[in-house]
Amino acid sequence: MVWIVRNLWLIPALPAAAAAVIALFRQAQRRLAAGLAIGTMGLSFLMALIAFAHMLAQPATEYVNFGWLQFGSEWLKFGWVLDPLAAVMLVMVTLVGLLIFIFSIGYMEHDENFTRFFCFLALFAGAMLGLVIANNLVLLFMCWEVVGLTSYLLIGFWYQRPAAAAAAKKAFIVTRVGDLGLFLGMLWLYSLSGTLVFYDNGGGCLEHAAIAAMAAHAAALGLTASSGIGLLIFCGAAGKSGQVPLHVWLPDAMEGPTPVSALIHAATMVAAGVFLVARMYPLMAATTNGGTSQALEVVAWVGAITALFAAFIAVAQDDIKRILAYSTVSQLGYMMLGLGVGGVAIGMFHLITHAFFKSLLFLGAGSVIHGCNGEQDIHKMGGLRKLMPITFATYAAGMLALCGVPLFAGFWSKDEILHAAHGWNVSAVPYYLGAAGALLTAFYMTRQVAYVFFGKQRETSEAVAHDAATAQGAGAHGAGETHESPAVMTVPLIILGLFATFLGFVGTPAWPWFQAFLEGQHATLDFGAFAGNGILPLMTISSLIVFAGLGLAWWLYGRRPIESAEARDALEQMMPGAFHVLAKRVYVDELYGVTVVRLAEWSARVMDWMDRWVWNGAVQAVAKIVAGVAWIDSSLDTAVINSGFDGCCEGVEHGGRLVTRTQSGRVQSYLRVLGIALIVLVLFLYWSRKG
Amino acid sequence: MTPLNGCLLVSALLFSIGLGGALTRRSAILVLVGIELMLNAANLNFIAFWRYGPHPEALTGVLFVTFSIAIAAAEAAVGLALIQAVYRHAKTTDVNQLDTMKG
Amino acid sequence: MTAPFVILAVVTIGGAVAAMTLRKLVHCALALAVCFVGLAGLYLDLNAQFVGLVQVLVYVGAVVILIVFAILLTRHDELPAQTNRTRVAGLGVSAVVFALLAWAVTAGGAQMGAAVAAPEAAMKDIGGALMQKYVLPLEVVGLLLTAALIGAVVIAMEEKKKAR
Amino acid sequence: MTQGLDQIFVTFQHWAVAHSPAAVQPAVSIVLPVAGILILFPSLFAITTVLERKGLARIQNRYGPNRVGPYGWLQPVADAVKSLTKEDIVPRTADKLVHFLAPVLLVTVVFLEYAVIPVGRNMVLADMNSGVLFFFAAGAATEMSVFMAGWSSRNKYSLLGAMRAVAQMISYEAPLILSSIAVVMAAGSLSTVTIVEKQAGYSGFWPHWYVLTPWGLAGFVLFAIAMTAESNRSPFDLPEGESEIIAGYFTEYSGFKFALFFLGEYLEMFAVSGMAVTLFLGGWAAPFSFLTWIPSWIWFLGKVMTLIAVFIWVRGTLPRLRMDQLMNFAWKFMLPMTLMVIFSAGLWKFLPSGVLRWLICAAPIALLYVVLGRVLQSERRIEKRVYRYAE
């Protein structure tokens, strides 16, 4: 066992330890806190690189298990696993995390809770990395929940704002719905396979024996057990990854600081759901006949629907971060679609490229917000291209990658998903849904960029001052000119921009190195692959779709510079009704409000009534009876027992008064008594021996 | 009279003198001195029993006295520190006047 | 009952009596030192060389000095003598204790130890016993001494006048 | 020949015992060496006083005693005659008995210390099982005499001086004893004779003295500092700091009693020097194997006198410490250092010999020295001295 595998636990442990230490710091120790968090993250990044290099040299699944606790004759084993999947995730999480940590120094520099922020960030990083390397579903679940907790804490970081507090609660509760499914899935899995360890010398739940048994085991509704478990686990993944219908929390989560949005709600935590599906892929994909499992079908459908649905909503949003949030939901749908139709490699490839360009976009948005002194409404921005050139350039790179413009990272990964969907043998509909989503993606991103960076500056200085005063934190350092962000923020942007642009080349059809790496094979360079299997036509079609989206949006928004912040949206002018519905996010929140929330409220009322009248009445009756008995008892007590007892007490009191006289407070009289006691003791011993 | 008895008698006398002093002297310091004397009487007993006892090679008496001396040193230090503190407070070391627990 | 024993016993008892009866406290302390030196002599006479020397080192070199310091730091006038009643009671108790002890010794101690061959307490054996068999008590005593040191300092330290 | 010269005193003792009547033989065998000690060290005292006064005078660029006898060498005789013929003044309020006992006790106790110091090969009064312990036990009793002197004089300066002296001696007793424990550990014995024998023998011509080990060197330096303080010598002579408290605890002494104190102080100095020589400098052993033909007692006395010369040199060089500095130095520096020396000696005992052992054992001591130095210095700001003049 090589050193890196033995010590893989250090990667999550370092940031977690940093979080524990930072928690002890005073608020004033900003540099120390940031330095510690970034330093440990850097160390983790280096170790992740070593792990990655190790996997590169010998792709294999290596793991370390150890007994954690024993109940009955069972051992709960914990451990960590290093395989190409984990290695890729480790590098991505640590690199993106490191860059975002650095970015946060600049973004949060005026916040008074700077150290707390870094404490949470480091804790998040530790838990996320632990989730990635966990070799046990329980351990993974624990990390999963810690990740959820830090997400809650960070969304509600500015807890003084009611919106942030509400968003944090919402995120926590909605994801809990999914986690319930995950937990049930865990229980079922444990009852069937007897272990929750992934890999354990053939005894793990993801290894051949257990999978085969579960695939053969039929459950209700025509599902196999493996698919049933897979679907329950997918519930958790859907909650975390914001799949329809549990996507409602993710846009609201944008109330948190922007680095948090970038790190947790774009790059890493929401990808944890995708990662979970990828990790459990052997279980999900298991069938007895080699066909497509029911679980994967559901995954693919949910993914495709989410991809399109979220893209629609994104078209009509005003908040720069909200657009990106819906875009994230949409892209997560693509990942799920990729996993469902194509397998681990395809979904994971999009996860990785998406992590880079989406965190880039969020950080870019953060930079814009920072530069505009806390303004988030795209209508009030504009013309930032000249004022913030670096931000603009990197944002454009991220936007092109997200849209899937050829040669950018997103193109290769998204195209691969579409290609796999096209070849799916169950249904062709997901492909069309995905393609439509791609069109919308290009459309809403172009709209956003046109609003933010083109045209002329629209905000008034009065509005700036007002917003700066209301928006605590983010950029609340007083009204000022719109400005480019400091280097500590732009440098991470540039690095991420480079990744967003060029990362796709590790997974082109001609050289599918990434996919091969995940599957433990060797990639060869073969330009002929473009020709085969209908790839080139599909690529052309998707490019055309993208350019169509770009063109359409440019025609609507970019042709004429948008003049004022109050001007109505071009699309709104064309289709006011549809636009309104979309702007209200298709009333999903309201739907939940009248159904789920109303139901909960109603049942609470019933419980309240039950409590007040039924249970309380019973309790009251019992209390009355007891009180009656007590009254009888007490009268007996006063009449009979007390008089005797009082007499005793008086006697004791008299005796005590007598004895008190001997306690004079004089040491020597005590000593004298001791001496007399000694004499008595000796005499007593002597006589007792005689007698 | 055997040598052991001689030692024990000396020790008993020493003990009684210490006890008498502790019972009659008014100075807290001398009370402490009396207690030290009693302790030393006990030590003398240990050494005498070790010397004339059946198992001198076990060294129990010697070691016990060694520990006892160490503890007596600690006791004297703390006791005298207490007397200091009390004196600073009550401006006297007369044990007859130190009969309240109130400060 | 050898001559050295008798002489040392007389010195010890004399020192003790003086320490408990003299009027001046410093004289008492000096008499106590004499008593301790006599005791050390008794230990040496009983072949316990180590204990005797430690007795001098600790009691004469430290405890008596400590007592002397305490006497000088608690400056007081000559205390009036005890009332007769307490004195008689105290002396009576101690006399009865002595009578009992002496009676117990003479009546019961005879079956043991006429002259035995003088045992050897070599330093090496004592050291070995301290470091092996009695190492735990040794450590505990070390802890106790540290605690006593700190405790004594804390107790005796002048209470700082509360500033501000 | 050399053998004979080495053992000349022992041979003389045997001869004297053999030629005396049988009844007094035990007495003779005891009295003779005691008398030797009683003659040798007081005469050394006499010589040393002259040496010291001359040495100090040279350091201070003056002549020193040069009137009595050739080059002033008979000065001690004159001093002795003077102090014996001076009136013995006892203050009226003094506690006369204690006032008288104090110097007597001091000299007695100090002479007791010589019982365990091996002056030469086979030349020790009492080869006690626990000689080192005896030495320190006797040394502890000198504190009593100092206190008695100070208290009985009924003089504030005397009392203050006595308190200072006692506090100082108790404080420095701890490092003194602890640093000798390292040697006791290494030798595995408390007997002074055994300790010297362990240091006899040579590697080539190089001796096996404990001072040549890292812990021994550090221990020796610490022991030397502590013994300077223990014998109230400069720069630790605050108990008799004349600028503050006249002459400390012997302010009220005059004539012969004062001379006794003086004698006691010097004898104490010889005794602790002798103990330092015994513990660290190989006792009576010759420093090189080719010098063993010189009698052992000459070596011993030579080493003692060398240490005395260092004492004098230090006295002429260093200024007196302040009381708080003195205490801080003892408890915050000396005590930890001696503990580390003990640790290092333990290491030494269990490591295989070689250069590496030397370095490993030296490292903790050096480290603690540096750390303590830093820590203790950091408390006080050392600034350039500023002079202020009256208008």
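Lettered A, B, C and D in written order, each chain numbered from 1.
Keep this in mind: a residue touches a chain if its C-beta (ideal position, glycine included) is under 8 Å from a C-beta of that chain, and two chains touch if they have at least 3 such contacts.
All of these numbers come straight from a predicted model, not from anything done at the bench.
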Chain whose Cα centroid lies nearest the overall Cα centroid: A
Chain centre separation in whole Å, for subunit C relative to subunit A (CA means): 73
Subunit B and subunit C: spacing of chain centres that average the CA atoms, whole Å: 5
Chain centre separation (subunit A, subunit D; CA means) in Å: 76
Junction residues of subunit B - those touching two or more other chains: 19, 23-24
Multi-partner residues of subunit D (each touching 2 or more other chains): none
Set of subunit A residues in contact with two or more other chains: 668, 672, 675
Chain-level touch network, classified as line, ring, star, complete or other: other
List of subunit A residues in touch with subunit C within their complex: 668-669, 672, 675-676, 678-679, 682-683, 686
Residue ranges of subunit B in contact with subunit C within the complex: 1-10, 12-21, 23-27, 29-30, 32-34, 36-37, 40, 43-44, 47-54, 56-57, 59, 61-63, 65-67, 69-78, 80-85, 87-88, 92-94
Subunit C to subunit D touching residues, read off their complex: 26-27, 30, 33, 37, 40, 49-50, 53-54, 56-57, 60-62, 64-65, 68-69, 72, 122-124
Contact footprint of subunit B on subunit C as seen in their complex: 1-2, 5, 9, 12-13, 16-17, 19-21, 25, 28-29, 32, 35-36, 39, 42-43, 46-48, 50-51, 54-55, 58-59, 62-63, 66-67, 69-71, 73-74, 76, 79-82, 86-87, 89-91, 93-95, 97-98, 101-102, 105-106, 109-110, 112-116, 118-119, 121, 125-126, 129-130, 134, 137-138, 141, 144-145, 147-149, 151-153, 155-156, 158-159
Partner subunit B, residues of subunit A touching it in the complex: 664-668, 671-672, 675
